[in-house]
Amino acid sequence: MKNKIAIFPGTFDPFTLGHHDIVLRGLKIFDTIHIAIGNNPEKERYFDVELIKNKVKKLYKNENKINIILYNELTAEISKKLNANFILRGLRNTTDFEFENSISQINKDINKDLETIFLITSPKLAPISSTIIRDVIKYGGDINKYLPFKIN
Amino acid sequence: MKNKIAIFPGTFDPFTLGHHDIVLRGLKIFDTIHIAIGNNPEKERYFDVELIKNKVKKLYKNENKINIILYNELTAEISKKLNANFILRGLRNTTDFEFENSISQINKDINKDLETIFLITSPKLAPISSTIIRDVIKYGGDINKYLPFKIN
Amino acid sequence: MKNKIAIFPGTFDPFTLGHHDIVLRGLKIFDTIHIAIGNNPEKERYFDVELIKNKVKKLYKNENKINIILYNELTAEISKKLNANFILRGLRNTTDFEFENSISQINKDINKDLETIFLITSPKLAPISSTIIRDVIKYGGDINKYLPFKIN
Amino acid sequence: MKNKIAIFPGTFDPFTLGHHDIVLRGLKIFDTIHIAIGNNPEKERYFDVELIKNKVKKLYKNENKINIILYNELTAEISKKLNANFILRGLRNTTDFEFENSISQINKDINKDLETIFLITSPKLAPISSTIIRDVIKYGGDINKYLPFKIN
Amino acid sequence: MKNKIAIFPGTFDPFTLGHHDIVLRGLKIFDTIHIAIGNNPEKERYFDVELIKNKVKKLYKNENKINIILYNELTAEISKKLNANFILRGLRNTTDFEFENSISQINKDINKDLETIFLITSPKLAPISSTIIRDVIKYGGDINKYLPFKIN
Amino acid sequence: MKNKIAIFPGTFDPFTLGHHDIVLRGLKIFDTIHIAIGNNPEKERYFDVELIKNKVKKLYKNENKINIILYNELTAEISKKLNANFILRGLRNTTDFEFENSISQINKDINKDLETIFLITSPKLAPISSTIIRDVIKYGGDINKYLPFKIN
C-alpha cells in the first residue's frame, strides 16, 4: 500500500503538549509526519522560529518517521512538494471545529487529493492553546508544564 | 404594500461567491438591496475599496434592484438615510451565529424599526470567508474560483 | 412584484410568545403567512391540535395576512400547494442553528424554489421552548406568561 | 508497518451518501474498514437491518478492503475482536462534535489502544442525517437521492 | 451574612463522578447543598431511584452540609420550600450551555430570587454523561470507574 | 465559615451593563468582590483605565463589599495576593463558553485553589460586548444606554 504521508502545519508559537499529543497519536496512522512550522516574516512571533524548530527536532530526534520543516507558502502547496496526501489536525472545541471545517474544504479545493484527518485533543490538554501560553509567559508565569520541552 | 428595502453591509474585502449567493437569494425578498461597503479609512484593507465597488457594480449592472454604496458610519444610521428597514445577512456557521445575534440586537436598539433577515449560506459556499481568501492570495494562490468576478 | 407567501411550520405544542414574536416580525416581510401546524396522528401531543388551532386563529383574527392550517405531509410539499416560496423560521441559539441548517437544505433539495428566511428570536423570549413549557405545566406551574393567549 | 484496521460503527438507519463519503475517504487511510451495523433488538429501526446489510454489501462488493458486520455489543469490545485499532467517524457540525468528543474518550477509556479518527463530512452532504431521511420517507418523499443505492 | 443554600437537581440515573466533582467544588461556595433527585413515576429510569438515593447518602454521610432528597415538582418550587436561593449546575460543553441557558432563565422567571451558579466540569470528567454510562452498562461494560461508588 | 472572596477580572474597555449585572448577582454569593481592571501598558485601550476605575468606584461607592483595583499580572497571581479563592465570570454565549472553559482550567493549573464561578448573562444584556460598544462610539453612536454610568 502507498506510503501515508501527513503534514502537521501550524505556527507553533510555541509547540505545546497539545501538539505533542496529536503528533504521537498521528504516528499510529501515518508513515511520515512533516511538522511544518509557518515562517512568515510578516507575521510577528513571540518565540523565535529557529528556537522552536530546534526544540521540536530534538524532541523527536529518535523518531525517524518525523521530519521538521519551516515553510512560507500555502499548506496545500507545500503538501504537494512533500508528497503529503494528508493534513493532520487536532480539534479542541467547537470554535476550532468551525474554523478547521472551513480551512479543510479550502485546502481540498486547492489540492483535491489532500484529505484532512482530525483527532480530538485529549481532554486534559484541550485547555492549552499557544495564545494562552504566550499570555502566561508575558506575565511571568511558568509555561514549562504546558510544553514537551523546557524553553527557558 | 410598502417597498421592502434592505441593506447588505460588509467590508467585502473581497466580495465573495458567498456574498453573491446571499444577494441573489435576497432579491427574491426585497424590492431594493443596497450593498453597503464599509469604508473606514482607519481600518486597513487588502483590496482597494474602489476596486471592489466597481467590480460589484459591474457584476450587478443589469440588476436595477441593486445599488452599491460606500459608507463610514453606523449600519443602523446609514439604514435610516436609505429608508432601509431590513438588514440582510448570511450565516455560515455557529461562530457567525453568535456574532450576528449580538450585532442584530444592537442594531435594533439603535433603530427599532430595523429588522435583520438571515439566510444560511449554501453549503458548498460556507467554507469561503474573506479572511481565508486573503490568506490564499497572500501566498500566491488562485482566488478567482471564490469570487463572482476576476480580480487579477 | 410577486406576492411573498411564507409558511411558518411547527408542532406548536404549544404556540408560544417566541412563535408570536417571529410571526409579528414576519408580517413586515411577507404578504401572507400560513401558520402550518403539524398534525401527525402518530406523534403524541400534549395540547390538542384543534385547541391550538383555535387559539391561534382567534389571536390573529384581525390580521388578514395570516392563515392557520393543519397539515400532515412534508413541509416542502404543503408549501407547493400553498404557493409559498418561503419558509419562516426563528433561531434561538446554536443548537437551533445546526438543526435548521440541515432542515433548510433538505427542504431546498425537495423544492428548489423554497427559500428559508430566519429571524433571531428576541433575547428575552429565546429561553422559551415548547418542551420547557410542557415540563412546567406537567408539574403544575403557570405557563400563561409564556403564551400569547390564556390556555387554561 | 502494522495493518491499519478501522471500524465504522453506526445504526445506519439508513446508510446515507454521507456515510458513503466517509467510507470512501477512509479507504485512503485504512487497510481494512469494518462497517459495523448496530443490531440491538431492543431498539426499534425503520429500515430492516438485514436489508441495509445487504444493500451495503452489494455497494462495496468490488472493494475487498471493506467488510460488513452486524453487532450488538460495545463498540470498544467488537473493535478488540476485529483487531481494529481505529474508529472512523464523520463530523457534520458542532452538535456532532460535542457528542463524538464524549464518545471517543469513553471508547478510549474502555480500550486504550482505540483511536478515533475524524473526517469532516463534505459540505454538500452535511445536511443529510438518517433522522431527517426517515422523516422524509414517512411523509412519502423521495429519499433515493440521499442514498448510495436504491432502497424502494 | 445569610446562609447560602443551594439545590443540585438532576435525575442522576446514575450519579456520576462528574456530579461528584460539581458537589465537592460546590461545597466551597455553599453552606448547604440539597442534592435533589427527580423522582417522576411517569419517567422511566434505568437505576432505581431509592438505590441511587442510598448510594449518594452513604457517599456523603460524613459531610453534614449535604442533604439528599427525592422530589417530583418544579425545581423552582422545591427550591422555595428548601429556602434555597441557588441552583448549582455543571457545564460540560456547548450543548449543555445552550440547554442550561434556557432552563436557568425559566427558573428565574418562576422564582425571581433563584440564581443559577455554574461550574465547568473538570476536563477529564467532561466526557461522562449518565446517558453514555447507561449505554455502557446495557452492553455489559464496566461503569464503576465513572461512579463515586460501586453500583453492582 | 471562611470568607468568600472573589475577583472579577477584565479589561472593562468599557465596563458595561452586562458587567454590572454579573457584579450585582455576584454580591449574593461573595463576601467581597475585587473588580480587577487589567492595566497592561502594552495593550492599547479606547477608554482611559483611570477614567473607568473612577466611574466604577463611584458606581459602587455605597457597596462596601466591592473593591476596585488595577492590575498587570496573571489573574491567578493577583488572586493569591488578594486571598481570593474565586474568579467570577459571566457567560453570554457558546463562543464565551469555549474561551472561558480553557482559561478557567489554566487558572486552576496555576493556582489549584482557584475556582471559577460562572453566571449566565441576563438575556437582554447578552448582546452587549465591550467590542461592539467601542464600534458604536467610534461611529458617533450613543453608548450610554449600555453602561451603568454616563461616560461622555
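Structural remarks
In this document, chain identifiers A, B, C, D, E and F correspond to the written order of the chains, with residue numbering beginning at 1 in each.
The rule is short, and it goes like this: contacts are C-beta pairs under 8 Å (C-beta built on N, C-alpha and C of every residue); 3 or more make two chains touch, one makes a residue touch a chain.
All figures in this text were calculated on a predicted structure; none of them were measured in a lab.
Among the remaining chains, those touching chain A and also chain D are B, E.
The chain with its Cα centre farthest from the Cα centre of chain F is D.
In this entry, D-E is the pair from D-E, B-D or A-D that repeats the interface of C-D, since more than half of their contact pairs coincide by residue number.
Of the two chain pairs shown, B-C and D-E, the one joined by more C-beta contacts is B-C. Between chain B and chain E the CA-based rotation angle works out to 180°, given as a multiple of 5. Residues touching across the chain C-chain F interface largely coincide between the two copies, over half of the numbers being common to both.
The greatest centre-to-centre distance from chain B, using averaged C-alpha positions, is reached by E.
With centres defined as mean CA coordinates, chain B is found 34 Å away from chain A. In terms of their C-alpha centroids, the spacing between chain D and chain F amounts to 46 Å. Centre-to-centre separation between chain E and chain F, using Cα means, comes to 29 Å. Within chain F, contacts with two or more other chains are made by residues 93-95, 98, 101, 104-105, 123, 126-127. According to the touch criterion at the top of this document, the contacting chain pairs are A-B, A-D, A-E, A-F, B-C, B-D, B-F, C-D, C-E, C-F, D-E, E-F.
Every residue of chain B that touches chain C in the complex is listed here, in rising order: 1, 4, 25, 28-29, 31, 85-86, 91, 94, 97-98, 100-101, 104-105, 115-120, 123. Put simply, chain C touches chain D in their complex at residues 72-74, 76-77, 94-95, 98-99, 101-106, 109-110. Residues of chain E touching chain A in their complex: 93-94, 123-124, 126-127.
Here chain E touches chain D in the complex through residues 92-95, 126-129, 132, 136, 139-142, 145, going by the rule given at the top.
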